[in-house]
Amino acid sequence: MLHLIRQSPYQQDISSELSTLISNDDDVLLIDDGVYFCQSLHFAIIQEKAKNILIVDEHLQARGITFEKADSLLPFAQIAEILVQSEKTLTWQL
Amino acid sequence: MITSSPLSNLTATSIALVKQMLMDDNIKLIGVFFYQDGVLNASASLSIPADEYQSVKQWQSIHCDYHLPLHLCITAAEKRGLSDDWQDTSNILPEFTVSGLGEFVSLYNSADQLIQL
Amino acid sequence: MNKSIAIINSKAPLNGAHAKESLDLALILGSFEQAPSLFFIGDGVWQLTEQNIAMTGAKDFLKTMQALSFYDIENIYVCEHSLYQRNLPNNFALDDVTVLNRTALQNQLAKFTSVLKF
Amino acid sequence: MITSSPLSNLTATSIALVKQMLMDDNIKLIGVFFYQDGVLNASASLSIPADEYQSVKQWQSIHCDYHLPLHLCITAAEKRGLSDDWQDTSNILPEFTVSGLGEFVSLYNSADQLIQL
Amino acid sequence: MLHLIRQSPYQQDISSELSTLISNDDDVLLIDDGVYFCQSLHFAIIQEKAKNILIVDEHLQARGITFEKADSLLPFAQIAEILVQSEKTLTWQL
Amino acid sequence: MNKSIAIINSKAPLNGAHAKESLDLALILGSFEQAPSLFFIGDGVWQLTEQNIAMTGAKDFLKTMQALSFYDIENIYVCEHSLYQRNLPNNFALDDVTVLNRTALQNQLAKFTSVLKF
């Protein structure tokens, strides 16, 4: 399963809910305000559990965030394909 | 299924993703269903300042250029002020199809995959 | 592959239209013989507790919840951790609710082909 | 100032509080200003199911019974689909006064206290 | 100052924001979904800082919550007067 | 008593219309010589960081923020703890931003006669 995280880590007790719903087999895609996870202590929760973490590059840039681990960054143009390739998605938005 | 409001910045991303899917020959998108606050995307009376993101025009061009069905849950829409018969007129954009949740079930049955945005 | 849908409820019952519209969707799916399974996590667990919503002027959708079993919606899972956080007992306004710990809940969720979250 | 949406259950409480203030002889309420998602309270096209809370009727009776000015920020309203001139008609309830943020400043200046709901 | 809390403790990192904004001179009024604080670990934050805590009785009942400390409970009919009597209010809502 | 108003911003810049409409209100108050003081806490601190909002298609309201000083809105306070939580430095897209710890922020906020929170 791919978790599509579109909201900030400080909305809706997301850290606790992520711990509940993300399993070790899952991937995470940070998109929209989800990229704020990169500058939050809650990033550790995702790192600890998710198999792969992908981050939309343009959405990081739009919010003025620089993130060191370049191999996780992905151009927005590839996202539709990734969504369709993953057998199922769970969307986190407000 | 689109459940986020057009006032949220998520909409620009959602529309861009729908377009990506439409332009990708390996992806067949059979329809978009608007539910919860997502129904506001179908409002004909939204007046968005010219220098802000024009979600309405984007949905219109998606519909016209790709003939993609845009289904609107009318029950959710009416609660939020949309109607196809308010004072003898409709404030729903003509590009949207007035539907119910039953139509969602039928889309779901025809599709291989369901993505919420 | 057989298709199956999981609906995750994560909002308190009176927080906007989320809870009610999620329930509407579940019932329609059930009436078309596509009964979803329902998951309640976070503030969503409050949707299952005994309450008197009508006091606030809002519609008491717990009554509508009684219709779930009529439409064969019988798999209802609740997050144990969310109950613990809120000091809630394992008593629910519905019958046949299954309380799951985090791992069990993840395993259960993995069985579905589609997921919606409200 | 009301900034919460009529779809939120907060509205029933907000309206009940406004009524309490109106009925209390020691409290003089000089006006309500609707901003952000609160502007949706002024929508003439909301169709709320009969068994749910009727916020529209409540605002109407507050205006009629107490002549309380209900000011609507038109900029915020237009973004959310409300207009006093959409297809030559208005979808704003007549009980609401079309105003701008300048009117809020003038209310604020006249008031001893400002409460956000 | 009176903090009018209308949202659940699990929305919008409220525990951290409450610690930031509530001072020892402030009062707290739990109303609407704010009454969920009574069954949350975050109640301790309010208890520790606020001078007085008031809770709307009807809103507790509507949500099926029983709260032992009866002296904090207040009928809804008194709220308007309390709002007006407190020189200023800060509203916590989504 | 002189009236004074504090506006607390607690939402990320692209989370709905909160940030933009809060700024609109501040500017109007300023133009009527009722300049508010602005507080940024929680995700609201992201409203003050250097960013490229226009990339998302949204209006770049940081440009509008430059108008704050023109309307004599010069008291801008940021919560130190919120910056720390987000690993953000004390660099802002605006000049003359004051970083306050929690106690200092509470003391500052206590000085105003009205408070709005967005």
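Should a chain be cited, it is by its letter among A, B, C, D, E and F, assigned in written order, with residues numbered from 1 in that chain.
We adopt the following convention: a contact is a pair of C-beta atoms (placed from the backbone, for glycine too) under 8 Å apart; a residue touches a chain by one contact, two chains touch by 3 or more.
As the structure is a computational prediction, the values presented were derived from the model and not from experiment.
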Discussion item. Strictly by the touch rule at the top, which chains does subunit A share as contacts with subunit C?
Written reply: B, E
Worksheet entry | Chain centre separation (subunit D, subunit E; CA means) in Å | 25
Worksheet item: In whole angstrom, what separates the CA-based centres of subunit C and subunit F?
Response: 39
Worksheet entry | Residues of subunit F engaged with two or more neighbouring chains | 14-15, 17, 42-43, 56, 85, 114-117
Worksheet, complete the sentence: Expected list for subunit B, residues touching two or more other chains, is 3, 7-9, 13, 49, 79, 113, 116
Item to complete: Any chance you could list the residues of subunit A touching two or more other chains?
Response: 10-13, 16, 32-33, 59, 87-89, 91, 94
Discussion item. Can you work out from the touch definition every pair of chains that touches here?
Written reply: A-B, A-C, A-E, A-F, B-C, B-D, B-F, C-D, C-E, D-E, D-F, E-F
Worksheet item: How about subunit B: which of its residues touch subunit D in the complex?
Response: 7, 40, 43-49, 78-83, 86-87, 89, 91
Fill in: subunit F residues within the subunit B interface of the complex
14-17, 56-59
Practice prompt. Quick one: which bits of subunit A touch subunit B in the complex? Just the residue numbers, please.
Written response: 6, 31-33, 59, 76-77, 79-81, 83-84, 87-89, 91, 93-94
Worksheet, complete the sentence: In their shared complex, subunit E is touched by residues of subunit F numbered 8, 10, 41-43, 79, 81-82, 85, 102-103, 105-107, 109-110, 112-117
Worksheet entry | Interface residues, subunit C side, partner subunit E - complex | 12-15, 42-43, 46, 49-56, 85-88
